[in-house]
Amino acid sequence: MKTSAEVVIVGGGIIGCATAYYLAKRGVDVIVLEGSDHIGNGGSSRNGGGVRQSGRDVRELPLVMYGIKNLWPTLSEELEVDCEYHQDGNLRLGKNDKHKAILTKLANNAKGVGLDVRMIDGDEVRQINPYLSREVTCASWCPTDGHANPLTTTLGFYKMARRLGVTFISGEPVKELRVIRGKIRKVITPNNVYEGENVLVAAGLDSREILTTVGIDIPMTNSLLECLVTEAQPHMFDQMLGTAEADFYGHQTKHGSFVFGGSSGLERYNKDNGMVSNSAMTAPCICRGIMKYFPDLADAKIVRTWAGWMDASQDGVPALGTVDEIPGLFVACAFNGHGFGIAPAVGDQLAELIVTGKTKVDLGDLHYDRYKAKI
Amino acid sequence: MNSVNDRTRDIGPFVPGPDDDMLICRCEEITKGEIRQAVHDGMWTLTEIRRYLRTGMGLCQGQTCSKLVKGIVARELGVSPAELEPATSRVPMRPIEMRVFANEADSNKEGE
Amino acid sequence: MKRYDLIVVGAGPSGLSAAIEAAKKGLKVVVFDENEKPGGQLFKQIHKFFGSKEHRAKVRGFVIGQQLLDEADEAGVKVVLNATVIGLYQDKEVVVKLGGEVVHYKGDAVIIATGAAENMVTFPGWTLPGVIGAGAAQTMMNLHGVLPGKRVLMLGSGNVGLVVSFQLEQCGCEVVALVDAAPRVGGYGVHAAKVARTGVPFYLSHTIVEAEGDECVTGVTIAEVDSSFKFIPGTEKHFDVDTICLAVGLSPMSQLLKMAGCKMEDNPKRGGQVPISDSYGQTSVPGIFVAGDVSGIEEASSAMIEGRMAGNVAAEYLGYIEKDALKEELDTLDKALDGLRQGMFAPSNRGKLIEKTDEGIEVSQSLLKNGYIADEEIERFPGVVRKVGVHPVIECTQNIPCNPCQDACKKGCISIGKNITSLPIVVDGSECINCGMCVANCSGQAIFLVDEDKGDGSAEITLPYEFLPLPEEGTKGFGLGRDGKVVCEAVVTKCRSSKAFDKTHLLTIKVPKEYAMKARFFKVS
Amino acid sequence: MAERIKEHPILGDIKKGEPVKFTFDGKEVMGYEGEPIAAALKAAGLMVHRYTKKEHKPRGIFCAIGRCTDCVMVVDGVPNVRTCITPLTAGMEVKTQYGVSDKPFEEQ
């Protein structure tokens, strides 16, 4: 089995797979180590599929805008898999003045960095999506947002990376990194020791424990996010949806089913029993949330629910890029539950960074060392 | 289960079979050929197959086809079906209307 | 949150048995079942069960179902129907869909007794309307009173395939063929024999090439397979049918256990994915137990005992009985379960080719290949003897756990002995009074009363008959051999029905005396 | 094609609810109240419940106990209703399901 490469990537989620793919495209030799048995088994397969710019922090906006402009439109062709990418806009819904204030602030911030997003009233909302209830009184509307299928996209990156010669090894949980002669070098699992000239840690929440072994700490905590999916329904709409208070978010898939995520308010305090499992009170809560916005969906049947641990950082944006103090080490974690839409751009730019030392999009605001005490 | 799985292991080329158009997943209408091809695309676990193709993600949630899919994937990989872990079972066990799921009974009342 | 000492999921034979046992020990018990009617598969089982008295032998499945329900009621068990358990969450939280709402319950102990699901097999056309599971056929005919089809091909010669074939014929369907890819009949020989003698042809080492039809099934082609299950060209056979019934085994329905975080294993001997559990049903999660088919595919009789075991273990777990009392209960139940797990069909013998009975008699090869015992084989079995006057002929040729026949005869003509799986013998010097109790009580319908020579060149044969209409005295017809083919002319001389016979009617036919040991069924001309 | 069992040798008379009328694709059909919709359709000789979304292939009863979901139809306007476990009531509008709609594919 191959144990050394130019780049060893820790984490076989969409970030790891996309970076591996874009590296392999640039002719780089890569090993990807996935801790679980399955590729894309964390947040990559447990999210609502948003490919969104609006609602994001301005520090990560340039990166996601880059991806939506340059990568998403041709991704299905490139990966030879149907990513089910739809660019039909994002409605972030509000029901009252408080919501309007939240949405307006987000929209103004985004406009400041050149995103086409504006506030619209309830009637205009229902012109765009006639199924929404009268309770909706305002929304932010970003026509260039959309959604895609996280499962096929993640596995598509994996498939193509593998086809280009990337070595993927699953069931290999990384326990330790080692600096050798002042440079990152060894990646240690219970079964093997791998070596790379460069190492990228993109292991979601587990990144913290792994990076700790070389003295790097990225403050993250976990939070249980849950989703549900309905049976296939006749086609209703193509927009991505969210709400000011994050009661729920989601979209109708190409298959016809609706995928909705949401929360109970207790997600930061939930536990698991050794496997990620849903809390009994969340799905009913999400259903109640959705039905207020979409009364017509009350008869739709839920066929599945799932949960996933989110890697939440203190400021809600990822830690991304070079770890200056350890030559050869790179990080990409703390995506805070919205890592899917940004993933192609992250993969592409990280690949560029690893190969050339530079990026097209400035990653300075996402530097791993930015966390400071409040006073 | 968690066993080291080197995805570069040679499982041989995809060889078209005479029954590749046999429907396996009745709900999502996925054929044997699609499942076999997915294995050659690198989908080596039942969870990956399911996420890639939607087998077992339809209305019945895999209650009809999961054993069939398992057999096909195992054969393609040259392993025993018992070595493949089934995809996770998820709530709800049966399709349930959103309005019913949303309607939680008062947990203190005498519920039947 | 609403809390019970014990929540049982599934009101089938194991779930109800567990609930009864636990409630008798003082636990507050609720049973949830998603179906409209309780009893699991019992209410679809209309044949008499095997085993001995303690296993409720010779009682029909649906009657056992009713008995369990009555016992559950008496013990104070709350059985909630139309109650779909949609999830088993952490902390033994059971979420149930009840009508238009979901209710959350906590159980200090939870017993999962969700039974099994049918396996499927693919062939071109397997998704056509008219291709159904054997369970679906049972549900349609025995619960809803609707014929599953008119002309049916059955795939699968295990007990389910055999029993359902017989049930299909009982409600008036024609079973045109019983097909199995295996080279030998998988189920009990007595079940096969009672189907074969009605004229159903068996095609072992055959399987379905294709189901035909555009909108629904109109026909089927089968062909012989070689030892690696490949079709042998030129062996195709076509049947016009409207229904194809699949009875190709069961798998444990263990999803709830996996969901609850119980450690699982794939165990082919138990039929698939099962929770890792000790022999009394304790899983890897303390307080979560399993019983019945969900922990490994067996018969309803053993499911009932497993249920009682789990119920007792749960009672001890929650302190309602002491360890000593538990041990006593389990010792008794262990013995009862051991009794059922003996003989040729014991779980430990699964997949083994058994050539001789425990008594050292060669097993009938014709029974395994054709579904019936050949005329030249039958007389080597100890229940088949020639005598003057009326006497029982017991065509029970495999070691199966069943002994009601020996209790049925008040004159002591039949003996099985201590070992429940031994072949029954006709006791030397005993005197048959032609009461017919043995014929009616044999769950395998394998006992006949024969008077080999009536003195006028004829013989009289009394056989079990569970079909309608009942032929009246004087009805003329044909005697059919064990292979279901016409062997002679026959006339009905008597038709006895009695409450004690429990709907097995005793048809006496008169045939030429050379057919006394050959004719085993009657067909109206 | 199929029909009802008039008298069963072991079960005798199978208890049924009141006879009721319902419609199948607009045509009047008789059934018994409380029996599964699928049983009433089967007794009336109606085999095809739906046509699948991708391949437009016919499907009908398969498991009859609510697991396989092959027998789903549009009942009173709601798609994906498992007819094998949904009790029949008088006046129900039962329609063939095409994909997830009651409109034939050429009208979708």
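As written, the chains take the letters A, B, C and D, and residue 1 is the first residue of each chain.
By our rule, a residue touches a chain if its C-beta (ideal position, glycine included) is under 8 Å from a C-beta of that chain, and two chains touch if they have at least 3 such contacts.
Owing to the predicted nature of the structure, the values given are computational and were not obtained by experimental measurement.
Participant: What are the mutual neighbours of chain B and chain C in this structure?
Facilitator: Under the touch definition, chain B and chain C have A, D as mutual neighbours.
Participant: Compute per-chain Cα centres, compare each with the mean of all protein Cα atoms, and return the closest chain.
Facilitator: When every chain is reduced to its C-alpha mean, the one closest to the whole-protein mean is B.
Participant: Between B-D and A-D, which chain pair shares more contacting C-beta pairs?
Facilitator: Of B-D and A-D, more C-beta pairs in contact link B-D.
Participant: Taking the mean of the C-alpha atoms as each chain's centre, how many Å separate chain B from chain D?
Facilitator: So the centroids are 28 Å from each other.
Participant: Just give me the whole-number Å value for how far the CA centre of chain A lies from that of chain D.
Facilitator: Each chain's C-alpha centroid was found; their separation is 44 Å.
Participant: From the mean C-alpha coordinate of chain A to that of chain C, what's the distance rounded to whole Å?
Facilitator: One centre to the other, that is 53 Å.
Participant: Using the average of all C-alpha atoms in each chain as its centre, how far is it in Å between chain A and chain B?
Facilitator: Taking the average C-alpha coordinate of chain A and of chain B, the gap between them is 24 Å.
Participant: Would you please write down the residue numbers of chain D that are in contact with two or more other chains?
Facilitator: Chain D, residues with two or more chain partners: 53, 57, 59, 62-63, 66-68, 70, 80.
Participant: Pull out every residue in chain C that's touching 2 or more other chains.
Facilitator: 34, 87, 89, 95, 102, 104, 117, 127, 259
Participant: List, in ascending order, every residue of chain B touching at least 2 other chains.
Facilitator: Residues 23, 26, 58-59, 63-64, 88, 90-92, 94-96, 99, 101, 103-104 of chain B each touch two or more of the other chains.
Participant: Would you pull the chain D residues touching chain B in the complex into a rising list?
Facilitator: 52-55, 57, 59, 62-63, 66-70, 72, 80, 82
Participant: Quick check on the complex: what are the chain B residues that touch chain D?
Facilitator: Contact set of chain B toward chain D: 23, 26-27, 29, 58-60, 63-64, 94-95.
Participant: In the complex formed with chain B, which residues of chain C make contact?
Facilitator: Per the touch definition, chain C meets chain B at residues 1-2, 34, 80, 84-87, 89, 95, 97-98, 100-105, 117, 119-120, 122-124, 126-127, 251, 253, 255-256, 258-259, 264, 266-268, 272-273.
Participant: Provide the residue numbers of chain A that touch chain B in the complex, in ascending order.
Facilitator: 1-2, 36-41, 45, 81, 151-152, 154-155, 158-159, 162, 167-173, 191-192, 230-231, 255, 275, 278, 281, 283-284, 287-288, 290-291, 297-306
Participant: Flag every residue of chain A that touches chain D in the complex, lowest number first.
Facilitator: Against chain D, chain A makes touches at 231-234, 256, 299, 301.
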